[in-house]
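Naming follows writing order (A, B, C, D, E and F), and every chain is counted from residue 1.
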């Protein structure tokens, strides 16, 4: 079993808040991340796929297929977008890094199986100091 | 003459557009950066100050004074903010990296002189691939 | 289960030696790290906490609580300090990266439980080339 | 159990192709990596060794022994070399990152055991975007 | 005057040698970089363009035009290529970083003028430790 | 004229203080950097040499000669050392980054001239946030 990791990047706006809460309550929970005028980040995304190495090709999976998949299913939806307003797989969720990482996992898990690999980890870096890793349920 | 460089970081939302233009025209000029629902970035800011080294202290300037100044005059205004809506020194400007860097220069130039140094360069990294440097007029 | 990672940094002096050994013997074991006049490093610390995502807030834990905890329990004690002379939780230990990482784990494990998370990993980078990871016993 | 990670770097040329295939077929599988005139990379290698910390020295293993071993068994063979033509432990393999990582594992596993540690992971970064991790069979 | 910097990357093989020299003489001059079986690098390229900021758009130049130009004139020729054998603008030159940077300057200088900017600097990083900067004659 | 930059690294202990001052006065000037028990850093050093490219070799200067020179004249003296106590070229100076950069310049300027290049810049990064550049008088 070998693990292959693909790094991708996207830039997006978001706001952390629960609509049923007052601004004060949201500020108490989320701090400056609850600014009603939005803020944003450059996100760095690391997708890890595990699989057996094909003894002929020396490859687990065609990495450009993985890259294409991430582009189609994730980047086209989130890059230069508003994570609260524009992303189907985040509808009804607070777009914390935790929820974004889980959402990306759910979008990719099946598709990567179809490519012949197994999704192992979604790592999402919201800044150089704050990082989420999700390995599925 | 010695140059001292201080790195700071902030995260903000913005949208590139000219209000007098149609969305189509703005898209033609700014591409996906003109998304009406905003997007955002982690910005990395490098402020270079030049000065003579004090032969007693071995310092050009007290770096924590520079850091405090950047915090008061810039970061408090831009971090976790919307660059189009909330930043006094960007009012009426398209918040391109070029204009943000020039705006930061204008906010800091005088204040750094008051600390006994000379502002030399504002370097603003909007992503790992796109960087602006401004050295004043 | 989701993992959240917080990066922090500190700068410290240390010397690797066993007091019962001669300088020659210490040099044989620790090389130039045993210099009796000390040397130092910029350490980069990654603290991983695991937990369930709260379905309401979308958060595992309040990251600023984790950050505050690391500051109180670790950074205040080690940053701009001498790891041999000034750090309570390293008394009587050779301040190798291994022992520093284990010491940090022991300081944080309970406290993070009190915040509602589980400490998963202490990663300590002493330089870009030398890194320790500790996951507890 | 503590994990120690040593980073090393090497630069090498390679070509991804199966000799029994036509250039067209190789291009279909490997894309531009099958260029018959070679291309190359700066590889970053992270070797993770796990072990118990010696309560006297505070060390798992002498890191300079690990570093010396990686130099002797790996870097001398691959740095500024052609991975297809010059590396004994890659003979008869397509030098994909997968196969290079597995080859490095096989070269080091026993030798690290002889030093008193256990090889845990070979991580090979072929570029900032493409990474392999191998943990043995 | 504002400076805009675009980062791009490419991976290539090369060999440093003068065809009129013996292998021994080439080794004396270029060390292991003269390996007749080639080696390679991930190159990081920073192209700096200077210009006035358009007061309407807030831009010096359309960065995607610069990026497209670098792709057409440079990356298509050098990425996943052999710098000795396959690059028209390096024919007859030893592909040292110095010569590659100068060659890239010569390819871009006029074209960037046509876009309305002025090429200011070509920075070429052959590894994290070895970097060339060229500002023209 | 082409510029070549060599990156090197060293780790050292230091303390910022003026011996004629009280600890309180030193703390007022240097903050926690005046801790009498020392602290330390991983320093990253970038040495820029400018020169003409030799039309035969394609090189400004033999980079391994520059690297060897930096090792002999700087790294052997500062790496894993105490900058206050053990470095001849810093005797009688407060080892601020400013003074360390100037000291390195003075050690290298003549020697690089002897190698056929011209020292252009000493850049010293004391941390990712604090950097000094010195270009000589």
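Here is the rule we use: a residue touches a chain if its C-beta (ideal position, glycine included) is under 8 Å from a C-beta of that chain, and two chains touch if they have at least 3 such contacts.
Worth saying up front: this structure is predicted, and the values here are computed from it rather than measured.
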Chain B and chain C share contacts with A, F
Farthest from chain F in C-alpha centre terms, which chain would that be? A
Self-contact between copies chain D and chain E, residue sets same or different by half: same
Please identify which of D-E, C-D or A-B repeats the interface of A-C; the criterion is that more than half of the contact pairs agree. C-D
Note the rotational component of the Cα superposition from chain A to chain B, reported as an angle of 0 to 180 degrees in steps of 5. 180
Express in whole angstrom the distance between the two chain centres, defined as the mean CA positions of chain A and chain E. 34
Suppose each chain is reduced to the average of its Cα coordinates; what separation in Å results between chain E and chain F? 29
Centroid from C-alpha atoms only, then distance chain C to chain E, rounded to Å. What do you get? 42
Got the chain C residues that touch at least 2 other chains? 128
Pairs of chains that touch, anyone? A-B, A-C, A-D, B-E, B-F, C-D, C-F, D-E, E-F
Within the complex, which stretch of chain E touches chain D? 9, 11-14, 32-33, 35, 37-42, 79-82, 85-86, 127-128
Quick one: in the complex, what on chain B touches chain F? 1-8, 46, 48, 53, 56-60, 62-64
Touching residues of chain E toward chain F in the complex: what are they? 16, 18, 29, 31, 93-99, 101-102, 128-135, 137
